[in-house]
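The two complexes that follow have subunit A in common; it is paired with subunit B in the first and with subunit C in the second.
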Partner chain A sequence: MSDPKTFFLDEEEIPFEEGQTIIQAALTAGKYIPHLCYHPEFKPHGSCKLCTVRIDSRTVTTEDGQSVKIPGRAAASCTTPAQAGQHVESEVPEILDLRRTLVQMLLVEGNHYCPSCEKSGKCLLQGLAYDLGVMDPHFPQYFSKREVDASHPDILLDLNRCILCELCVRASAEVDKKNVFAISGRGNTKHLICNSESGELGDTNLAATDKAANVCPVGVILHKRHGFEVPYGQRRFDKAPISDNPVQYAPVKEQV
Partner chain B sequence: MNAPLPKRKLKVATTSLAGCFGCHMSFLDIDERILDLVELVEFDRSPITDIKHCSPDCDLGIIEGGVCNAENVHVLHEFRKNCKILIAMGACAINGGLPAQRNSLDIRDILAAVYAQPGRGVHIPNDPEIPLLLNEVHPLHEVVKIDYFLPGCPPSGDAIWKFLTDLLAGRTPTLGHGLIHYD
Partner chain C sequence: MPKGNPNGSDAGTVVSAVLARHGADGTRLMQILREIQEETEWLSPDILTRVAEGTRLPRGQVEGVAGFYHFFHTEPLGRYRVLWSDNITDRMAGNADLMARMCKKLWLKPGRVSEDGLVSVDTTSCTGLCDQGPALLVNYRPITRMTAQRVDQIVELIRHKTPLAEWPAEFFKVEDNIRRKDALLGADFAPGDALKALKSPQEVLDSVKESGLRGRGGAGFSTGQKWDFCRAAVGTGPHAAHYVVCNADEGEPGTFKDRVLLASYAGLVFEGMTVSGYVIGARKGIVYLRGEYRYLLEPLNAVLEKRRAAKLLGKSILGRTGFDFDIEVHLGAGAYVCGEETALLESLEGKRGVPRKRPPFPVTAGYLGQPTAVNNVETLASAALIAAKGAAWYKSIGTPKSAGTKILSISGDCERPGIYEYPYGVKVSQVLADCGARDTQACQIAGASGLCVAPNEFGRRIAFEDIPTGGSFMIFDNTRDMFQVARNFAHFFVHESCGFCTPCRVGTTLLANAMDKIDEGHGGEYDINDIWRVIRTLKTASHCGLGQTAGNAVADTLQKFRPSYELRLNVRDFEPAFDLDKALSKMREVTGRDDPGAHFHIAHRKSRAGLGTKAGDPS
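So, the complex of A and B:
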């Protein structure tokens, strides 16, 4: 084995293997970096931007002896390769503010009425918002008006909560090999569609046991006849904040 | 409690707009701590007092519910005008809440379905005494400036207590793990 390579995450030395991204190395070392669209079993996607970090900020001394911080570049840690000696800032006020804003944008973009959402308490978007201390929406609501698709016997789609992470798209194409889902449209009309002639989920060959039916981090792809099964107080993020667990997806087995 | 005692009691007004009174019930869930609270504050216009309008010198306005009709808009403006600090309490005040689920439907269709169906009545109530509904439900901050937001549906009594004691002590209110909830 050659010399182990390391970089610094908030001043802490993190080992990595050649080819690993910053988030992969951090999560392997047990260090949490917020993420929604990154999933250890899939290629990085880079859409949610929650994993943004700052790389190689420098402090310089000006002629009159003042210390000035020159911020390094902001980058998505899920798509940026780790490099030896790199200095990465994650849990710093400026990056936390940015993440708060991103979560607020996602929350107003959809109809996130958590009080009636079956995913409440184990939703990654909600868990992240709690952890970042998001108290207000800041932006005006978008009030999306997409139809709920209840055509499938076992699975229900509430497309008003979709964060366009494409995990279901990737899972269906790469794992289930069924290509049930796709993303269509541009700009703020971009939305999730089902690849059937009618456009309805019921006319696809999605099965409740498919990876694609169990990977959604928020309350879009839901299992019919399963909801509100875990008592308030015992749900995932009632018990521990999202940052307690470096990898968000792997340990959670969704009910089928 | 280590909140510095104010020179005079702070005046607190509260109201429910398109709310369910659940946030007020949760407020009462602070239980006997309300006795500590009334050492520090006096209640102005509120569903728990008989005062009809806000005094012009209210310190705190606490509002549950979003904005769903014309009267809500008037009351919200009265609060903004008379209260130094305005707090949006609960999911409805913050993002419209579950009542905002009506925003995907046409308001005329909703009213017709409820009031003008065979067996349910003959027409949509049209007396000018009745405030007109807005086309959509809105969170408070889309109508007036809101200073603080207290999430939850409803926020727990403990969350409300933490929030108010932070505020009364001059701290920016924060709810840590277990107290911050959107549901």
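So, the complex of A and C:
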């Protein structure tokens, strides 16, 4: 079929191609839907749930003339195929509130001391938090014990900030074909591991130029000897919020 | 080489032998790891490397699988590994005191291995023995009806390093406790009855549809529909095939009917799988048996052997050319989430049990990407009966929207816990009367993720149109503390979340922590608001049913048993979980002071009258 297909994102008509997910179509059309684990170059994952939207809510009129809204189903827009005529709610209070809660959950799960983090100002989690108006982590902090692995000559791994988006895992498997990273544990013991018997990054074949070494949205996989090259105040999200230019800020390439 | 290898055999030899047995096939990783561990006791880094090399899987992936399942050990554990079942029903039966007694006698802390590497004692989620708890697993073999005396005997056996095979046989006795039979448990059915009655696959499919059979796992999807979708789907690639999978990962707390079906009605279940294979065009069926039921593996394999000998399995079944079907049993390794059908498929393929995203659905792309019909144990047994006795017979039982019978696993406060089969539509009050429940305060139906009903709802019915259930039915009388019930379930989900998605991974922990905070007397209205916020997030944003329902028990008890929370709530809006008084205890010790001036007031609020403890909270 050649007629262009469209769906509605917050009542705005968005064109899409068969096979595109909601987020893909939205970003292509220049509409931002928050996301952390989605990356245009890898298979969708659907784990962070920041991109959650509501689909096809309905308003019905009851016998006594009142309109009642029946909420549609909630779904991750990065894994849900776009469908013609669909009505998608994204920038609505309920969904924004949900996203704030999810960001807060991630903030308490790891140790995010933003002022001392090399990623500040260009970190997607932080950028999202600012954009959504998250003022504090709200929930009691976990104070998780997490390791720093400095065994690799060029790359530092500070697992304190890992949000378990598995972008590095997918980059290493799908793009670099090296499988340097993997996931172990489950539930709240889920954690990132390296593909070596010692468990150290230095014993893997990761190269600083690998996709996996350049895809982390937060400050976990850091390049040694390149810290704080761009001063605070001039970094990516210091200049404009994360939602400002959806296509540019979809994490296509690591850029300072 | 791993420590504590009982056979003194070299890890390398064990790994090679097991790999050879499985053709070094990476999709069989779960079975490979389990069989290796049965000999080496734990999976050392070196073993993981060897398995990775042998199967040509990335080492990280092998380690990730080993790290996912509760029953795989990447650290050395004791030669005797004791796991106490920790469902709320085990707690009600006193597991906490018994476990404390065992630990004390063994000079052991829960979760630690003894200095000499002999023994470790810990808890595990529901073992499916709630009608004969408190229960435990020793090296994955169940021991039921624990008493103080039994604890002492076991401690002696462990101290003397008596091999498990020489322990008293009655320890390991698992009862069926069937209290009420109906169409399924009471059916007169000889092996082969359904297969002999088979007409064309289409006719059998029509009759399954016609019968109104719906999935017994709880969701209640039409079985005929499912088979129809699966039959219509086309396999892909050089290994195109269809598969039948029997979901015997009965992990829902308080459920044990599949255990009984597999122990005493395995033939019926296998026959149902064979019927399903005939309809959808599959040549292979797989039973995914939960790790807790490891002891059923050999008996099940014996039944399969018998059926092969009787030409009820294998090539040209009952002499029909082209009707080839065989069944294999796969063992899980302790992960509740694998009851979710796509997580189960991942696990079957040798991966971490993380639920897949849908679409595609298993009926079109399931096991190894091929069309797969995943059905519950009870569904398959029912399908066999329908094939043998016809749709009309089956449809005449139950209610218009819920045909047939439902097997309930009843546990908790009643005189006769066990297995009860009823036609659909039975009232909760009827069930309570039949099992001898008195002064019932609440029933938790459909497990930790299910529905908690209060007495004003006891007129409701067990049926898809009213209260659907996989079969768990836990009863709490007036002496129980419903807050502790909900707290137990909240902790259950912390242990069992797969951790894939943010809302569930973090939300289950926040929920359990909030319940603990309230339990300790530090909770206020602020925490209740937070609890609602977490529950909403879990329900809306979680990736799979586990996370979506993980807040149900807390939500239900908050609404229906509010006083049990009220009792514990602080008058103030907010109070931190951090205990200032406790923080000072070290200083009191050092300075030798214990006068009121050396205390913060919080401690004095801690002991309040009326906090029910009978629900058996160990803390």
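One rule holds in what follows: the second predicted complex is superposed on the first by the 245 of 256 C-alpha atoms of A that agree within 3 Å, B and C clash if a C-alpha of one lies under 4 Å from a C-alpha of the other, contacts with A are read in each partner's own complex, and residues count from 1 in each chain.
Note that contacts are C-beta pairs under 8 Å (C-beta built on N, C-alpha and C of every residue); 3 or more make two chains touch, one makes a residue touch a chain.
All values derive from a computational prediction rather than experimental measurement.
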Check your understanding: For A:Ile183, is the partner it touches subunit B (first), subunit C (second), both, or none of the two (neither)?
Key -> second
Exercise for review: Based on the superposed arrangement, let me know which partner A:Val108 touches: subunit B (first), subunit C (second), both, or neither?
Suggested key: both
Review point. First (subunit B), second (subunit C), both or neither: which does A:Tyr130 touch?
Key: first
Point to revise | Greater residue coverage of subunit A in the superposed arrangement, subunit B or subunit C | key: C
Check your understanding: If you stack the two complexes on chain A, which partner ends up touching A:Gly121: first (subunit B), second (subunit C), both, or neither?
Key -> first
Point to revise | subunit B versus subunit C as contact partner of A:Pro140, first or second or both or neither | key: both
Exercise for review: Applying the touch criterion given at the start, work out whether A:Arg225 contacts subunit B, subunit C, both or neither, answering first, second, both or neither.
Suggested key: neither
Review point. Given the touch rule stated above, what does A:Ile193 touch, subunit B (first), subunit C (second), both, or neither?
Key: second
Practice item. Once the structures are superposed on A, label A:Ala74 by its partner contacts, choosing first (subunit B), second (subunit C), both or neither. Key: second
Exercise for review: Share the list of subunit A residues that count as touching for subunit B in one structure and for subunit C in the other.
Suggested key: 108, 140
Point to revise | Contact footprint of subunit C on subunit A as seen in their complex | key: 44, 46-50, 52, 74, 76, 79, 81, 98, 101-102, 105-106, 108-109, 139-140, 142, 163-164, 173, 179-190, 193-197
Practice item. Write out the stretch or stretches of subunit A touching subunit B in their complex. Key: 107-108, 111-117, 120-121, 126, 129-131, 133, 135-137, 140-141, 143, 145, 160, 232, 238, 240-241
Study note, to complete from the structure: The residues of subunit C that touch subunit A in their complex are 45-46, 48-49, 58-61, 63-64, 66-68, 335, 337, 352-353, 357, 359, 494-503, 505-510, 513, 530, 533-534, 536-537, 540-543, 577
Check your understanding: Across the complex, what residues on subunit B touch subunit A?
Key -> 88, 91, 94-98, 100-101, 103-104, 136, 138-139, 141-142, 146, 148-151, 153, 173-175, 177-178, 180-183
